[in-house]
Amino acid sequence: MTNSIIHIFLAILMPPLLIGVIGKTKALFAGRTGAPFLQPYYDIIRLLHKGSVFSSTTTWIFRAGPIVALASTSIAALLIPFGAHPSPISFQGDMILYAYLFALGRFFTMAAALDTGSSFEGMGSAREAAYSCLAEPTLFFALITLSRLSGSYSLSPMLINISFGIWLNAGAALLMLVGGMFIVLLAENCRIPFDDPNTHLELTMIHEVMVLDHSGPALGIIHYAASLKLFVLGAFFVHIALPYATGNPYLDWGLFIISMLELAVVIGVVESVMARLRLIRVPQLLVAATILAAFSTLLVIR
Amino acid sequence: MLAVLIILPLLGALTTWLIPSDRLRPVALSAFALGHLGTTIQLLICTPAESPGGWFHLDALGKIVLLSTTVLFMFCAIYSIGYLAYRVERSNRVFCSSLLICLAAASTVTITHHLGLMWVALETTTISMTPLIYFKRNARSIEATWKYLLICSVGVALALIGLYFLAYATIVAHVEPSLLLDDLLSDAGKLSSGWVHAAFVFLLVGFGTKMGLAPLHTWKPDAYGESPGMVGAMLAGGLVNLAFLALLRVYQLCMATKEIAFFQNALVAMGLISMIFAAIFMARQADFKRMLAYSSVEHVGIMAVALGLGGKAVFGALFHIMANSLTKGVLFLSSGNIHRSYNSKKTDHVRGAIRRLPWSGSIFLAGFIAITGSPPFAPFISEFTIVSSAFIQGRYIVASLFLVSLGIIFIGMALTVLPMVMGDPPSDSETTLYKDTLWTVGPPLSLLLLIFLLGVWIPAPLMDILSEGASLLEVKQ
Amino acid sequence: MITIADQLLVLVLLINFVVLGTSRLIFSIRAVAVQGVILGVLPALIHPFSWHLVGIISMILVTKGVVIPMMLSRAMRSAEIKREAEPYLGYVPTLLLGAVFTALSFGFAGKLPMLAEHQNYIFVPASMATLMAGFLILTTRRKAISQVIGYLVLENGIFIFGLLLADAMPIMVEAGALLDLLVGTFVMGIVINYISREFASLDTSRLTSLKEE
Amino acid sequence: MLCALQGVYDPTVVALTSAFFIGFAGIPGLFISKPGFGQLLATVITIAASLSGFAAALVLLFSQNTTTFAVNWGLPFGPCEISIDPLSAFFLIPVYLVAASGSLFALGYWPAREHPSTEKSLTFFYGILAASMAVLLTARNGVFFLMFWEVMAISAYFLVVTEQSREDVRKAGTVYLIATHTGSAALYALFSLLSAESGSLTFPVAGSLLPYTPAATAILLTAFVGFGAKAGIMPLHTWLPQAHANAPSHVSAIMSGVMLKMGLYGIFRTLTFFHDPPIIWGVVLTVAGILSALFGILFALAQKDLKRLLACSSIENIGIITTSLGVAMLGISSNNRTLAYLGMAGALLHILNHSFFKPLLFFGSGVIIHATGSRDMNLMGGLAKNMPRAALLFLIGSVSICGIPPLNGFVSEFLIYSGFFSQIQASTLVYLVLLAPLLALVGGMALIAFTKLYSSIFLGTPRSYFSTAVHEPGFTMLLPMAFFALLCVLIGLLPYQALRFVNPAINVFMPGTAIPFNPDGYGDVLGKISLTGLSLVALAAVVTLFWRWRMQRAGSTTGSTWGCGYQRGSSRMQYGATSFSELPVSVFNGIVRQDIKRPVLSGLFPGKSLCSDAPTETFLERVIAPLFSLAGVSFAFLRRLQHGRMHVYMIYIFATLFILMLWAH
C-alpha cells in the first residue's frame, strides 16, 4: 500500500523534473547557467493560470486531445513498476495495455492537431503517425525478449526480473535491446535526433508543431503529459539499462529516482552532442532500432 | 396410343399448312403442342407395353427426353404467337409446319427401339429444321443454313454407317440380324469386337456432330446465332437431347458388350474438350446468341462427361437433359425478345436491357444465373450431382477440369451478359416496336418458374422416372 | 450375280477418281449421276425380286440419275460457273490422297472379320474408299456444288455398305434411310439455289462471314 | 421471457421463422405502389423478426442440447438436416442485429421518395441476403448450405449494383460476382469431397474425420479457397474493396459486418469436422491471416475513398481473425488448451467486435455520403461541426477498430496477444510470439489509417463547397449507429461479460468436457482491464473538470487558427487524406503506392493545373489483370479455330473419327 502511494506520488510529481534536468544539462553543455531545475513546474503552473484562445475551426476533439493524452499516460504510469517495486495494477498481459494506451493518446493528439485545420499541424501529426507506427514493433520485440527472460508476460515481474545476473547471461541480447529501446525512447518523446523540442521551425518539428494552437491550461496539460510520457517510458528503459536493486524498499525508491535522473542527464548529453536528423533518415533509424530489438529477441528465443 | 404422339403433330403440320391466315397458324400450332403435351402426360401416367415386334417402347430414357422436348415445344409454340406477330412481313406457313414435322420426328426418336428407325427420325429432324434456320432470309442465315445442313448431314451419315457396322456385326456373329435395341442387347456378348468398336466410334462421331460435341460443334454457333430465338431454343433444348438419347442407346449397347470402358473414356474426353472449347469461345463473345450456342456446347459436354463417368453422375446426366433444355428455353426466348427490342444481337449495342425490358432482361439474367449452375435452379442439382460423383469416384482430375471450365465459362458469360442487362440503355439505340407482352414474356417466365421448382423440389413421379432411367444405364460389372 | 456386282464396284471406285480429278463441274455432276445409277442397279443384282425393290430402285434412279443432276446443273448455270477454279488442294495431290485412302480402306477392311461369303468381294473396301473420296471432295473443294457432290459420293459409300445388310435392315427402314438422304440432298440443292441467288456465286469461301473475330 | 419462449416454441423454429419473415419482408413493397410504405413495412417486419430471432439465437447459444430437424426434401441429396448449435447461434447474433439496424438505417439513407427506381429491389434483396445468411447457418447438409450460400452471394450482387447506372458500380458488381462464383466452385468440390469422405452430404459429426489423408488436405484447401474468397483473405480479396465501396452503405455494413463472417463460419465449421488437426493447418491459417492483416491495412492506408478504406480494413480484420484461428488450431494440435482457448476466444470475440464496429463505421460513411454526396476524403473536412452526434459515434467506431483501449477492439486483440505471449516459455510454439510485433505494426498502421479517415472527414475546415451545407442525420440513421457504439463501449468496459457469449461457441471445438476451459484466470485479467478502462474514463472526467475550472477562472477567447504568419491560408492548404498518409505509405513503396500525378510548373506565373492521385491496387493490377489479359490473348488465338471455312470443319469431323479409331484399336 505504501509502495503504491509512493508510486502514485512519484508519478504525479517527478516527471517535470526530468525535463528540468535535461534542460540544465543542455545548458551546461552550452556553457550557460540555464533555467532552474524546477522551471518546468513553474511553466506548467503559469500556463494553468492563463486564459485560453481557441481557434474557431476547432471542435470538442481539439479539447479532448490533451485530456485523453494525460489520462491515458497516467493509467500507463500505474502499470509500469518503478524500481524494484511492482506497479499498483499488474496482471498477465498488462504490457499490451501499456503499449496500446500510448496509441490512444496518440490518436487524440493527432486528431486534435488536425482539428485546427492548419497545414503545419497536419504535417506534424502525419509525421508523428508514421514514426510512432515504426517504433511500435521495437517495443514489442523488447517485450518479447523481457518476457522470455522472465517467463512472465506482465510488466512488473518481467522488468523487476532484470538483474546483473541476467545481464551476465544474456548480455548481448540486452545490450541490443538497450540500444533499440533508447532510440524508441527518444523517438516517442520527440527528442533530438528525431525532433527538436526547442525550435519552432515548423518544417522540422513533430510534436511541438502539433500543439501550436493549444494555449493556456491546455498547453499546460500537454506539457505535463509529455513529461509524464517521458517518465513512464524512461522507467521502462531504466529497468533494462540500470537494473540496480538492493532489497531494501526505501533504498530502492532512492535508487530509482537516481536512475531516472541519470537517464535525464544522458538524454541531455545526447541532445547536446547530436544534431537533428534529416526527416528522411528518421525511418531508417527506427527500422534499425527494430532490427536491433528483433536480434535480441532471436537471441533469447532460439 | 404411342402412335398419337407421331400422328397428332403430323396432322398438325397438315392443318397449319392448310390454314391460310398467318395470324391463326401459331394458335393452331399451340393447340397441337398442347395436345401433344397432354398425350405425353397421359402416356407417362399409364405407359403402354412394348409394341409387338419391339419397335416401339416408351422406356424411362425416352420418357425423360420426350417430356422435356414436349414441354419446351409447348412453351415455344405459345411464344410463337407473340413472336410471329412481329414478323408479319413473311408467311409462317413453312415455319409452323416444319416445327410440327420436327415434333413428330422427335417423338418417334423417343419412342422407338429400332435403331434404324431412330436414325431415320433423327435425320428427319435435321432436315425439317432447315427452313426454320433460314427463316430470316438473309445472307448470313443462308450461310448458317448451309453449314448446318451439310455438317449435320455428314455427321448423321457417319452415324448411319456406324449402324450398318453394328448390323453387320450381328451378321458376322451369326445371330438373328437385327437393329432392334432389345435384340442387340441380348446378343451383345456374341458380337465381334472389331466391328462393334468401329461402330461405336462412328456412332459417337455421328451423333456427337448432331449433338454438337466439340470439335464437331462447328455448325452450332452459326445456326443458333442466325435462327430466331425460339428455333434456337428448339435446337438447343430439343434436338440436342434427341442426339443424346441416341448416344444413350449406344451406351446401353456398349454396356451389354462389356466394351464400355473405351466408350466412357471417349465420352469424358470429348465432354471435357467441349467444355473447355466452350469456355474459350464464350469469353468476350460479341454476339449473345452465339454465346448461347457455345453454352449449348458446354452443356452437351457436361452431359457427355456425366455419362462417361457413370455411377451417380448418370442420374445427373439424365436430370441435366431436362434442366438444360428448359433453361435453354428461358435463355433463347428471352434473348429473342431482347434481339427484337434492340434489333441487334451484338453485345456492344445491347446495354441496360433490364431498364428497357424489365421482364425479358430480368428473365435473361436469371437464366444466365441458372445455366451457370447456381442454385436454386435445376441445373445446379444436376451439375452438383455430376461433380460430387466425380469426386466420389476419385477422379479428381476430371472433376477439377470440370470445375475449372465451369468457372471460366461463368467468367466469360458474366462478362458478356452483365453489361447487356445492367446499366442504362444507350441513348442512340434504335427504337423498335417490340414491347414485352404476356405472349412473349409468359413462356420464358413459366419455364423459369419450372426450373426454379425443379431446383428445389423434384416431384416423386419424375424422380421415379429418373431413377429408373439411371438404373437402365447402370454399369454392371 | 454378286460377281458382276463386284465388277461394278470397281467401276464405282474409278468414278471416285474421275470426280476427284476433274475440274469441270458438269463432268463431276454427270460422273456422280452415273455412279448413282450404277449403285441403283446393284440391289437388283444381289437381292431377290420384289415390288419394294422395284420401287426403291426406280426412286434411286430417278433422283440420283435425273433430279439431283438437273438441280445441280441448273444452279451451276444460274451462277454462271463452269469449273472448280481454285480448289483448296490441287488435283494431283487430291488424286494421290484418294489413292492412299483407297489403299487404307482395303487395309481397314482386311482387319475386320468378314462373313465367309463376303470375304472375296470388295464391298467393304469399296464402301470405305468411296466414303473417303466423298470426304476428300468435301474438304478440298471451294464450290458449293462440289460439296454437294462430295456429300453424294459419301452417301454412295454408305449405300454400298448397306447392300451387305439386306437381311438385317427391314426394307422400310432401308427405304426410309434412303429417302432421308435423298431429301437431304434435295434440300441442299434448294439451298444451293438460294446461295447462288443471294451471293451470285457458289464459291463457299464467300460463306465465311460467320466466324469468331 | 426467454425461458417462457423456450417453453412454448422451439428456438430453432423461431430462428428459422424469423429468417423467413426477414427474407420476405421486401415482398409486400414490390406490390405497393405508394412510395415509402413498403419500405416502412419491411423495416418493421425486419426489426420485429430480428428481435425474436436474436432472442432465439441467445437461447440456443446458452442451451446445452441442440435439436436437429431432418427435413425430407424432394432432392436426391439425402435428408436435409437443420440444427443450430452454439457455433451457429453465435454467428446468428450479428446476422439479426445488423439486419435490423441496417433496415432501420435504410429508411433515412435510401428513402423510397428519393430513390423510387431502386428502393424496391434494394429492400427486397436486402431481406433475402439477411435471411439466406441466417438459414445457411442452420444448414447441416452440404447442398442445402450451398443453395443458401449462392442465394446469399447473388442477392449481394444485386445489392452491390443498386446504382447500376454508374460504370464503376457495374464493374465492381461483375468482379464480385466472378469472385464469389469462383469461390463457390471450390465449395462444390469441398462438399463433394466431404461426401466422398463421410458417405453422405450431411455434415460429418464434429471430430469424425481423419486429418492425415490427402482427401483431408484437399478438403481444407477447397474450404480455404471457397470460404476464404468470401471472407476476403489475401490473395482472394480482390473483389472486396470495390464491392463494398460501391454498394449502398447499409449494404456495405451487412456485407462487411456479416457476410464476410459467413466465409469465416465456413472455415470454422469445416475445421470442426476433424480431430487432431496437423500443425501445418494452424501454420497456414496463421501465416495467411497475418499477411492479410498486414497487406489489408497497408491498402487501407493508401486509400482516399472512405468506403474503400473501410473495406480494406475489413481485409485486415478478417486477417486478424484468421491469425487468431490459426493460433487456436496450433493450440488444439499441440494439445495446449490455454493457447487453443485464447486463440479461439480472440477470433470469435473479434468476429463479434468487427460485426459491431464495422457496420457502425459503414453507417457513418452512409451518413457522410448522404450529406456530402462524395466518397473522396480529400474533398471533405469539418463535418464534426455540423453533425456532432454522428461525429462522436463515428469516433467511437474508429477508436474501436484500431484496437485501442478502453473499447471493444482492444479486448479481442488483447486475447490474441495473450495467446502469443502465453507460449513464451515453450520450445517450438514460442515462435508464435514473433507475430506480436507484426500485429503491433498492423495496429500502428490501423491507427494511421483511421486517424486519417476520421480527421480528414470530420476535422479541420471543409475542403470543398458541398461539405458546408451538411446537417445532422435523422434519428433513423443515428439510432443504429448509437446502438453499435453502445455495444462497442459495453464490450470494451465489461469484457468478461462479453466473453460469456463466446464461450459456448468455443465448446463446439473442444468437445469432450462440458465447459472446456473455465476462463477464470482470464476473468481476473479481464476484470483488471475493466478497472483500467473505467479509471481511464474517470480520470479523463477529472481532468476535464479540472480544466473547466481553470478555464472558468482564466477565461477563454476565440480566434482563428494560427497560420504561422501566413495571412491567406485556405482550407485547401490543410493536410488532406492523401498527404497525411503519403509518408507512411512511401515507406512501403512497391507493395502499395499512392500514385500522385503532379503538374509540371514552369514560368513565372504558371496557369491552372491539376494534381491528382490514385492508390494502386498492386495485386489486382500486377497479378490478376495480366493473368486475365494473357488468357484473353491466348483465347483470342484459339478462337481462330472457328474461322467459318466449312471444309476445315469437315476435317475436324474426320480427324476426330480417325483419332477415336486409332484410340479404339
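Letters A, B, C and D mark the chains in the order given here, with residues in each chain numbered from 1 onward.
As a convention for this text, a contact is a pair of C-beta atoms (placed from the backbone, for glycine too) under 8 Å apart; a residue touches a chain by one contact, two chains touch by 3 or more.
The shown structure was predicted, so the numbers you read here are calculated from the model rather than taken from an experiment.
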Item to complete: Quick one: how many steps at least from chain A to chain D, stepping chain to touching chain?
Response: 1
Worksheet entry | Those chains which touch chain C and also touch chain A | D
Worksheet entry | Greatest separation from chain C - chain, by CA centre | A
Discussion item. I want to compare two interfaces, C-D and B-D. Which one has more contacting C-beta pairs?
Written reply: B-D
Item to complete: Would you mind pulling out the distance in Å between where the CA atoms of chain C average out and where those of chain D do?
Response: 69
Worksheet item: Can you give the whole-Å distance between the Cα centres of chain B and chain D?
Response: 43
Worksheet item: Between chain B and chain C, what's the gap in Å when you average each chain's C-alpha atoms?
Response: 30
Worksheet item: In whole angstrom, what separates the CA-based centres of chain A and chain B?
Response: 77
Practice prompt. Note the residues in chain B that touch 2 or more other chains, in rising order.
Written response: 146-147, 150, 154, 194, 198, 221-222, 281
Discussion item. Touching at least two other chains at once: which residues of chain C meet that condition?
Written reply: 138, 147, 204, 207-210, 212-213
Practice prompt. Report the complete set of touching chain pairs.
Written response: A-D, B-C, B-D, C-D
Item to complete: Please give the residue numbers of chain D that touch chain C in the complex, ascending.
Response: 639-640, 642-648, 650-651, 654
Fill in: Touching residues on chain B, where the partner in the complex is chain C
114, 116-117, 119-120, 123-124, 126-127, 130, 134, 138-140, 142-147, 149-150, 153-154, 157, 160-161, 164-165, 167-168, 170-172, 177-179, 192, 194-195, 198, 221-222, 225-226, 281, 286
Response to the item:
Listed in rising order, chain C residues that touch chain D in their complex are 88, 135, 138-142, 147, 204-205, 207-213
Item to complete: Could you pull out which chain D residues touch chain A in their complex?
Response: 381-382, 384-385, 388, 391, 395, 399, 402-405, 410, 413-414, 417-418, 421-422, 424-425, 430-431, 433-434, 436-438, 440-441, 443-445, 447-448, 450-452, 454-456, 458-461, 521, 524-525, 528-529, 531-532, 535-536, 539-540, 543-544, 547, 550-551, 553-564, 569, 571, 573-575, 579-584, 587
Fill in: Of chain D, residues touching chain B in the complex
73-77, 143, 146-147, 150-151, 154, 161, 164-165, 167, 170, 173-174, 177-178, 181-182, 184-186, 188-189, 191-193, 195-196, 201, 218, 631-632, 635-636, 638-639, 641-642, 644, 646, 649-650, 652-653, 655-657, 660-661, 663-665
